[in-house]
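Sharing a structure with you now.
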Amino acid sequence: MSDATLYGLCGAVLVGLGLFGLIVNPLPLRKILAFNLIGGGVFLLFGVVARRGAAAGLGGDPIPHALIITGIVVAFAATALAIALLLRLFRETGRATLGSDG
Amino acid sequence: MNLAFNGLTVVAVSAGAFFFMAGTVGLLRFPDALSRVHALTKADNLGLGLVVLGLLFQVEGPFAALKLISVWLLTLLAGATVTQLIARTARLGTSPF
Amino acid sequence: MAFDTGLAVLVLGVAVWTLAAHDTFAAVIGFVTYGLLLALVWVRLAAPDVALTEAAIGSGVTGGLLLGASTRLRRAEIQAAGEKPGATLRFAAVVLCTLVSAGLAAIVLLLPEPAPTLAPQAAASMAATGLGNPVTAVLMAYRAIDTLLETVVLLLALVGIWSLAPDGVWGGFPGRRHQADSEGVLTFVAQLLVPIGILVGIYIFWVGSVAPGGEFQGATILAAMWILVMMAGLVDAPPVSRRWLRLLLIAGPAVFFAIGLAGFAIAGAFLAYPVDYAKLLIVTIEIPVTLSIAATLALLVAGPPERAPK
Amino acid sequence: MVADFLLAAAGFVLATVAVGLVRILWGPGDDDRIMAAQLLGTGGIAVLLLLGQVVSLPAAVDVALILALLAAFVSVAFVRGTTRSETDRA
């Protein structure tokens, strides 16, 4: 098994772990964290595809690399927006959960 | 000459790795926050410094060497001041709990 | 191989800790560690550009953002900690997530041989851009439209955050005013680190045309330095209604778009560069884009306006 | 030969510092957690520098430079966070 495959399997498990946290944890901030964990796993899977495409003297395929960089920045923007929404919810309701009874 | 440089690298990096281990042991074993800060600072300063020293024998060109040293200095400066901030928080007992 | 196995196990362990920690603050520290370890993984996968981005954004700035949010929500979360989903849901989630992971793992193991790659094409066309870093060439030339849209997405996210401001503070100062540190340590840290950080940020941006680095990584460092002086209480965040701030935010996308349109006239297509001027045009785009992204990222962290404009 | 040694050293530093993670797991205070994360940051920088030499990737030093800067940034965010929650409570 190559190093790339090893990290690919690691990425696959990370996506599953993050998805579990996203579903099971009731706190929105923890869901945001879990979402970012999934992001890390997805980027890692994509990075493995890039690494396998190493050719022409490059250590990996630069197109997936560029897309991963774009992805990391957009994931950050989404996280910042989610946190702003959550803090506003907290301001309005005094609660940090998404329960419908509050 | 090259062999001597490699030998120096091995010695310095090994010593650096030892200090990282010492820092971790201190972090685990010392009873209070202040002595743990002390252990952490030692690991920061000496461990990384020795690793950088070891790698200096391997890099090519003065710019690469300068960057290596500046990584160490930056960690040193940031680590020392931030450790002081944490130590102050620990001393004043303003932990949020 | 042993090293990689250890690193992969460590990444998974930190991920489990981030999910399982009782306290959200501890989970956030786990997440910062996760980003740091991923940066190591990216170096192992020969992707230094991604490693730089992960270290700067994934670990650093996201970590700062989450730390701030977790301390503000702390008490509310302690009260809400009792709400747990039922056993059925948990079991269903375990089954679902195991299936997803197994499916992805199967895909990884069954990836086609030889692996498809665009690396030879990217390397071959790099000369036409005048750049020495293939990733920057992809971001600024072959897939420049993605990068242009990305800068717009960042702005849209910022507009979304600003629109969460209550009526009374509309257009006001984002976040809270931080007091300057009485014992001076924070002030000292900020005064010491910020000039070095700005230098490093410019270096990472500048080196991006020939080596790993580029506008996103450089901009993130500049943004972090701006946030640092705001956190240290040395300067306040500007009210979001300031005209110079708005101009700074849109300068990058605007210049990018204008040069893209000019491509119709000078090279026959949107975002096309004439070969002789490719590098000059790319750098002309990159400088305002870097400044705009830096301002946008810092304001994304600062959050919606919380204090009325004077 | 030297590369093998440096990779082994990187693995050793990563392993010892990973043990510091136990500190994050056990706490009890936030100070301990941020200290362990900082130790991991410094160790991570050392590992990066060693790895960069092993795979001859000079840019690893730049990654280390960014980590050093942003570790300080995160620590300041931490200190601000704890003192701010103090004023919230008052």
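Going by the order they are written in, the chains are A, B, C and D; count residues from 1 in each one.
The rule is simple: contacts are C-beta pairs under 8 Å (C-beta built on N, C-alpha and C of every residue); 3 or more make two chains touch, one makes a residue touch a chain.
Computed from a prediction, not measured in an experiment: that's the story for all the values here.
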Chain-chain pair with the highest tally of contacting C-beta pairs | A-C
Using the average of all C-alpha atoms in each chain as its centre, how far is it in Å between chain B and chain C?
-> 28
State, to the nearest whole Å, the distance from the C-alpha centre of chain A to the C-alpha centre of chain B.
-> 31
Once you find the CA centre of chain A and the CA centre of chain C, what distance in Å lies between them?
-> 12
Touching two or more other chains - residue numbers and ranges from chain D = 30, 34, 57-58, 62, 65, 69, 71-72, 76, 79, 82, 85
Residues of chain C whose C-beta touches two or more other chains = 25, 44, 46, 49, 61, 70-72, 74, 186, 189, 193, 196
Any chance you could list the residues of chain A touching two or more other chains?
-> 59
Set of all touching chain pairs, with the criterion as stated earlier | A-C, B-C, B-D, C-D
Within the complex, chain C is touched by chain B residues 74, 77-78, 81-82, 84-85, 88, 96
Contacting residues of chain C [partner chain B, same complex] = 25, 71, 74, 183, 185-186, 188-189, 192-193, 196
In the complex with chain A, residue positions of chain C that touch it | 1, 4-5, 8, 11-12, 15-16, 18-19, 24, 27-28, 31, 34-35, 38, 41-42, 44-47, 49-50, 53-54, 57-58, 61-62, 65-66, 69-70, 72-73, 76-77, 79-81, 83-85, 89-90, 93-94, 96-98, 100-102, 104-105, 107-109, 111, 115-120, 122-124, 134-135, 137-139, 142-143, 146-147, 150, 153-154, 157, 160-161, 164, 166, 214, 216, 297, 300-301, 303-304
Touching residues (chain side chain B, partner chain D) in the complex | 6, 9-10, 13-14, 16-17, 20-21, 23-24, 27-28, 33, 36-37, 40, 43-44, 47-48, 51-52, 55, 58-59, 64, 67-68, 70-71, 74-75, 78-79, 81-83, 85-86, 89-90, 94-97
Can you list the residues on chain C that touch chain D in the complex?
-> 2-3, 6-7, 10, 13-14, 17, 25-26, 29-30, 32-33, 36-37, 39-40, 43-44, 46, 48-49, 51-52, 55-56, 59-61, 63-64, 67-68, 70-72, 74-75, 176, 178, 186, 189-190, 193, 196-197, 200, 204, 207, 211-213, 217, 221, 224, 227-228, 231-232
